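The two complexes that follow have subunit A in common; it is paired with subunit B in the first and with subunit C in the second.
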Partner chain A sequence: MLSRSTPRRVLLVAVALVAAIAVAAAAANSTSNDQAATGTLVIDKSFDLKTADPQRQFEVTGGIVAHVLYDTLLEFRGSDVTTPRPSLATGYRASNGAKTYTFTLRRNVRFSDGTPLTSRDVVFSFRRLINLKGNPSFLLAGVTVSAGGPYTVILRSRTPNPALPAIVANGSLGIVNSKLVEANGGTDAAGADKTDKAESFLNRTSAGSGPYLLKSFNTTSRVELTANPRYTGRRKAKFATVVIRNVLAPAQLLSVQRGTNEISLDLSPDQARPLFGSRNVNVQAISGPNIWFLFANSNSKISSITSNKRFQNAIRYQLDYAGLVRLAGRGSGRAAGVVPSQFLGALADAAAIKQNTTRAKAELAASGLTNPEVELEFPSDFTSSGLSFGVIAQKIQADLGKIGIKVNLAGKPIATSLANYRAGTEQLGLWLWGPDYPDPNDYLVFLPGQLVGLRAGWAAGSDRRLEALGRRAGSTSNPRVRGQLFRQIQVQLNQRGPFFPLFQPGQVVAASKNLTGVVYNATFQIDLATIGSR
Partner chain B sequence: MARGRSLGALIPGRSRTRPPRPFLRFLARRFVALLFLGLGITLVAFLLTNLAPGDPAAANLGQRAIEDPAAVASFRERYGLDKSLPEQYGIYVWRLAHGDLGESQQARLPVTEELGTFIPATAELALLSILIAVVVGVGLGILAAIRQNRLTDHVLRVVSLTGVSMPTFWLALVALYIFFFRLNWLPGTGRLDPQFSEPEHRTGFFTIDALLQGEWATAGDAARHLVLPALVLALYNIGLLTRYTRAAVLEVVHNDYIRAARAKGISERRIVLRHVLRAALPSVLTVIGLAFANVMTGAVLVENIFAWPGIGQYAYRSATTLDLPAIMGVSLFVAVVYIVVNFAVDVLYGVIDPRIRVS
Partner chain C sequence: MSVPGATPVRRFRLRRPRVAAAWRQPLAVIGLSLAAAWILVAIFAPLLAPSDPLEQNAAPLLPPGGDYLFGTDELGRDVLSRVLYGARISIPLALLLVGLALLVGATLGAVAGYFGGFVDSIVMRSADLVFAFPAIILAMVVTAVLGPSIRNAVLALVIVSWPSYARVVRGLVLSIGQTEYVTATRLLGASARRALVRDVLPNVAGPVLVLATLDLGNAILLLSALSFLGLGAQPPQPEWGAGVAEGIQYFQFWWIGTFPGLAIFSVVLAFNFLGDSLRDVLDPQSSWRAGSEEE
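Right after this comes the complex of A and B.
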């Protein structure tokens, strides 16, 4: 029989238990929030590094570094590249037919030296980017920047620019501490390309609000980062130190198996083969964002053969796309169109052109050409994702040879082949397009009269229907409608354009098994700040 | 000649109190040759780089920036590419005369500053490598010669031939696989493990800089990182020096004065070290000099595989991006290395062999 005091005792015990749980939960919560960053994270990367100055860098390695040193107005999270999320800006409002964007800044953000971040810093950073006339300056071409108050920034574009939210998430648009950069020779004034002297300062010290700080920077050996103790954002650093080392892929393969807290970013799918099923290493092999494509020059002055539309169709239907994807290795995927599968407006695989040798032969017969012989140019000394252009060129040569098209391989050092490609003098060209920013507008370059279109001899006015569609897609702000328009563009490009999208090569990320939060993103590769250790 | 006397004092026809004019004349001649050679190198490098198909702007600007006339004009103006070739060369030589090698188009840093970072990294590696090669290679060469046509000689000839025949990049990969990956005896790539920060730059030699700052652990780690690449670089030179030393010793060992020394009852060790080696050393020294210059300037593959941030990596990056000021800087450096090494070898000839001093 229970005594009278039992309910009281039970109540006391229950209260004590609840209190204990509450205290434990609070303690656990405070531990997870204030957990001090410890240990060293090691990233092995084959460097293409030039600078740590965010407004000058536009390389892959530079993008990885900038992403954790400098916060941007908006950001992409995880592997997503379709929806820019709030970062320094709590949000934005588009108006005036996607010509004006108003961003509202978070109020409690401070740079690593304690200076509050305001619209002045954003305006300075963006104007500096424009006036430095460097590699990433085109991102804000035709855009003017102004402050609408201490925490409001207004971007005005000359033409409708629905890609601007994706563009402001680019690491080159990272926000610098304007006072600090100005004090060290930086300027955002016109003529900054000649007068700005802040690069060497920014190669020694970071001036951002990101989760990490720059400790040391060397373009050929290593970059060292330390956790930013003043960081207040969502991506708090989990490691005290991050070391990014310049290592060739074969050595990366050995290091990642030996090390702990180590990530390798440059293994080709073939090189990574021994790691699949490894006890120490997690391997992700997913389609990267680069599109490998072949083109046939539409300029009859360059080649009367490749400019023949029927000849172009013969190539289109004779290529063994499935074989090319297999050759590209594990994780690679078919490029159904020129827009990568991860982006808004990508074509479904089912809509991709398929090999049809009968049709290819019929098209070749209808072209009126007999025993056509053409030259295929490609960069012979360049690999991407561990994949050599020469190997793919040989496969194309073999495929086309089966219907009587003789392809002479003309591999040249990239400095030479790039010049020919840009001059539009290649008959057949094998190249890739890497995204400048994750928005389908970046792929309008494949239309007649545009950057890559001209390289394939496709002058403006060559396909007015497609060009009009491109103008409409490029200025439409509704994502659903944009997606449809870009899919239409690609279907038409696939039907009658001089481009033959081939594949998106596999991107391998190999990481020590104890690491968490290692997620590949098509824009910044990996976010070092989200990576932790078990 | 007595030991310990200065080189100047050893040259005949000159008193000790007068300045060592012949030596100074020799130095002056070398210096003038260095100037002309350097100038010639800059001209050849400049012409060849400009003759190479390709555009530095296209190689350095991105795919979008190259289409932007303002960005291209800004790049050309910054690096003087908007001027005629003779003008560009004239400006380069004028700046060179003032110790300015221009600005790297890749890193946008002064080339002198970049060379100041990359050269010590290679020099640290090259010095250790050549030290290992000399000690082992010359030792084995002598051993092979004094045991001519015996088993030791045959084995060493095969070993040395293997050493010179192995591709260095392959050796580097195999060494990395065995000693780092399989056995974990030595560290893999780079100059330091990730947990160590680079010591403050004083000499650029991490081992020395760390010791100067009392960072013993860093110095130890830097030394461990040196071992594998230095050994890989040394293997070829060990083979080379073994073969040359053997041949040089064999040329000397049958001379009359060696026979006479033996007849006088001098110990074999003394004969080898004091008489044979001294006479054989000048030709070996030439090979050592060239080997050192080769390691200083030609370790591109090994530096790449071991992620060693040396002059080889810098040269490779500069060449692939048509970075003209950097290519010129590297070319000048290579020329200076060969000139200085040859000069040092010439001086050492005189130190080793009295006949050369008096001739």
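Right after this comes the complex of A and C.
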């Protein structure tokens, strides 16, 4: 039943996506590729900025900046995050069971100082990423990089790694000018975490081939970019200057209403409410890629109640999912499974678990537990997409209270609650998972014995069928087959797992009406280069 | 130096008309009635509140009016009921906390003042140590160490607020301890404890009561501040400070945060007015009105 209807839906979605991309591309092209860049674009962002060094940054703001300073081998276009497209590489070939990837580079690409870009720069950038041992280094864990010629790069992974094409599109894998960076203290050798001194240089000057150049950089106030006059690629800058300002969300609401050429990126759906229907501002509210989920610890040493499978089912069928999505605000969507709706292998909404109080009561009765009382931990001082965990936790408490499950809320500062979550000691936990890269492989962590599985007390060997399926999905390179495998995994996870995916909160992008090409993307948020003015 | 015996008589005569006058001041009337009203609300909240403060039965984010006089919050709870029930958290806790601080501070202050010397130095230097930090910062540190909960918030605030009582009581004990009648009691063979309890403390009670009443407002404010910062009351408790914090997240729906904020405002105002009036009655020397009216 499910497997028959799913491909048709996927096909429909794919057609819609292609159409959307085509329209977006046409719109981008029509705003004249050869016109000189003029004017100033202002982006209001609540900063989480640490560095402009692409191989060191792994933050949201840093990702937005890196995306226009440094080109990557492949890129995602528009709002799509399922198909990496050519950028510096004209294409790639996977071989050896998804363990070897060969990328062919575009010729005549030049860095902003005029130096030609070759495989040497790619190898330098990737090795530097690995050896800096920074936050994004895990992206290339188990991968070796070599040049197969001046315009050929070969990535070899120890294990089958079908996520690699999506990974090379990440801003942290932006290609730097190896000669320039080396001349300013950079190195890609082992021990670069101690010997590389190029960060302060890269915080002053960009060394990439992207559509914009770094003019000034301050991690707490503003970042200024100017158009790269030597840029020859597809994403030519349309503004002479871009200013990214550190502005708190409530202030963003005011300035985007007044300004022109202005974009606000941090409004919550509720904060943005006055803007819907505004004459000066276009507001998009789209489901973001973060998955909020509840889990019940499967380790009986942590709780004999939450590890009871019937009790888990009672929670599963008692949660008021529709109410939770409403509470999350406009643009939010149901998380049908753990893989976000935008990604390959996402479940259709129809396959999501629905509230069924009768069944929940029956499961609770069958659990043999009387008046169960459990503790729900969540980070009390943390909000994401303008949404506080405390509010959602209170809703869950009320939902479960209706069938006689007493939930005690135990909100703790994020430092404490995160430590408990990671140690796997929470009875019930409310958390979110944000993607490291837009590929379903990033969600195998929810399986038994994996990172998040263990946090929910789900040890390896707890569900061998699901684990075997996970191993197969993780090493399959055919996208169609992968998508099917991941959907199978999630259907089973939804039936038997200790996780209850709740929703994907809405992400709001508010932009002055005169701006064109403002498209939210789940990986890099927004591509400043495609934005133009009417 | 005044003649012992003469002063109390004169004061006695002057005080009686002042008591009546002080309570006729509009501020005193407002303070007393507001405080009394809030205490009644705290006692009778279950009878007054239209619904359960935790029940999420209404439509979320309804503006004030109709069935929901103060509107509903993001979870569909009645804001009016939450504000009324909030009085059951803030007011008793503030009383408890001020009581504890008074007990600890007054005892330490009395001991320090009466015995002097080494004991005095230890107590008063620790008081200075606490005074050296801004109260809210120190309270935040304490709750951060103990873990955020309303109980720990109260404990933290006791730690922060005992020194002011200790200081006042010590000063009074020092000055009263040197009066002739105390010396006389001691010469007649009374123990130090008896002199302290029977002769000194009753004379200290007035000013300390004034301080405590004024401190009640302050205590409610600090408790709310800690809850606002997420260090005090935890959800789903309908605490006022937490309510204001919730309102900040839903700024367009002004009623979620405004009503708990007004509740804090009115209670703090009431206890401040009450404290001021009490001072006029019990502690005429330190009252500004005493000077202007008498001379």
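Note that the second predicted complex is superposed on the first by the 501 of 534 C-alpha atoms of A that agree within 3 Å, B and C clash if a C-alpha of one lies under 4 Å from a C-alpha of the other, contacts with A are read in each partner's own complex, and residues count from 1 in each chain.
Following the convention adopted for this analysis, contacts are C-beta pairs under 8 Å (C-beta built on N, C-alpha and C of every residue); 3 or more make two chains touch, one makes a residue touch a chain.
Nothing here was measured: the structure is a model prediction, and the numbers come from that model.
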Subunit B versus subunit C as contact partner of A:Ser200, first or second or both or neither: first
Partner chain(s) touched by A:Arg107 [first = subunit B, second = subunit C, both, neither]: neither
First (subunit B), second (subunit C), both or neither touched by A:Pro250: both
First, second, both or neither for A:Asp381, with subunit B first and subunit C second: both
Touching partner for A:Arg464 - first (subunit B), second (subunit C), both, neither: neither
First, second, both or neither for A:Arg93, with subunit B first and subunit C second: neither
More subunit A residues in contact - subunit B or subunit C: B
Touched partner set for A:Arg230, first subunit B, second subunit C, both or neither: neither
Partner chain(s) touched by A:Lys406 [first = subunit B, second = subunit C, both, neither]: neither
Residues of subunit A at both interfaces, subunit B in one complex, subunit C in the other: 250, 381, 413, 416
Contact set on subunit A toward subunit B in their complex: 40, 42, 50-51, 56, 58, 133-138, 141, 193-194, 199-200, 203, 215-216, 218-222, 224, 241, 243, 245-248, 250-251, 254-255, 257-258, 381, 413-416, 418-419, 422, 436, 451
Complex contacts: residues of subunit C adjacent to subunit A: 54-56, 60, 74-75, 144, 147-148, 230, 234-236, 246, 249-253
Complex interface listing, subunit A residues touching subunit C: 250, 268, 270-271, 273-274, 326-327, 380-381, 383, 386, 388, 390-391, 393-395, 397-398, 409-413, 416
Interface residues, subunit B side, partner subunit A - complex: 52-55, 58-59, 61-68, 70-71, 74, 77-78, 106-109, 117-118, 173, 176-177, 180-181, 184, 188-191, 194-195, 197-198, 304-307, 309, 313-314, 317, 320-322
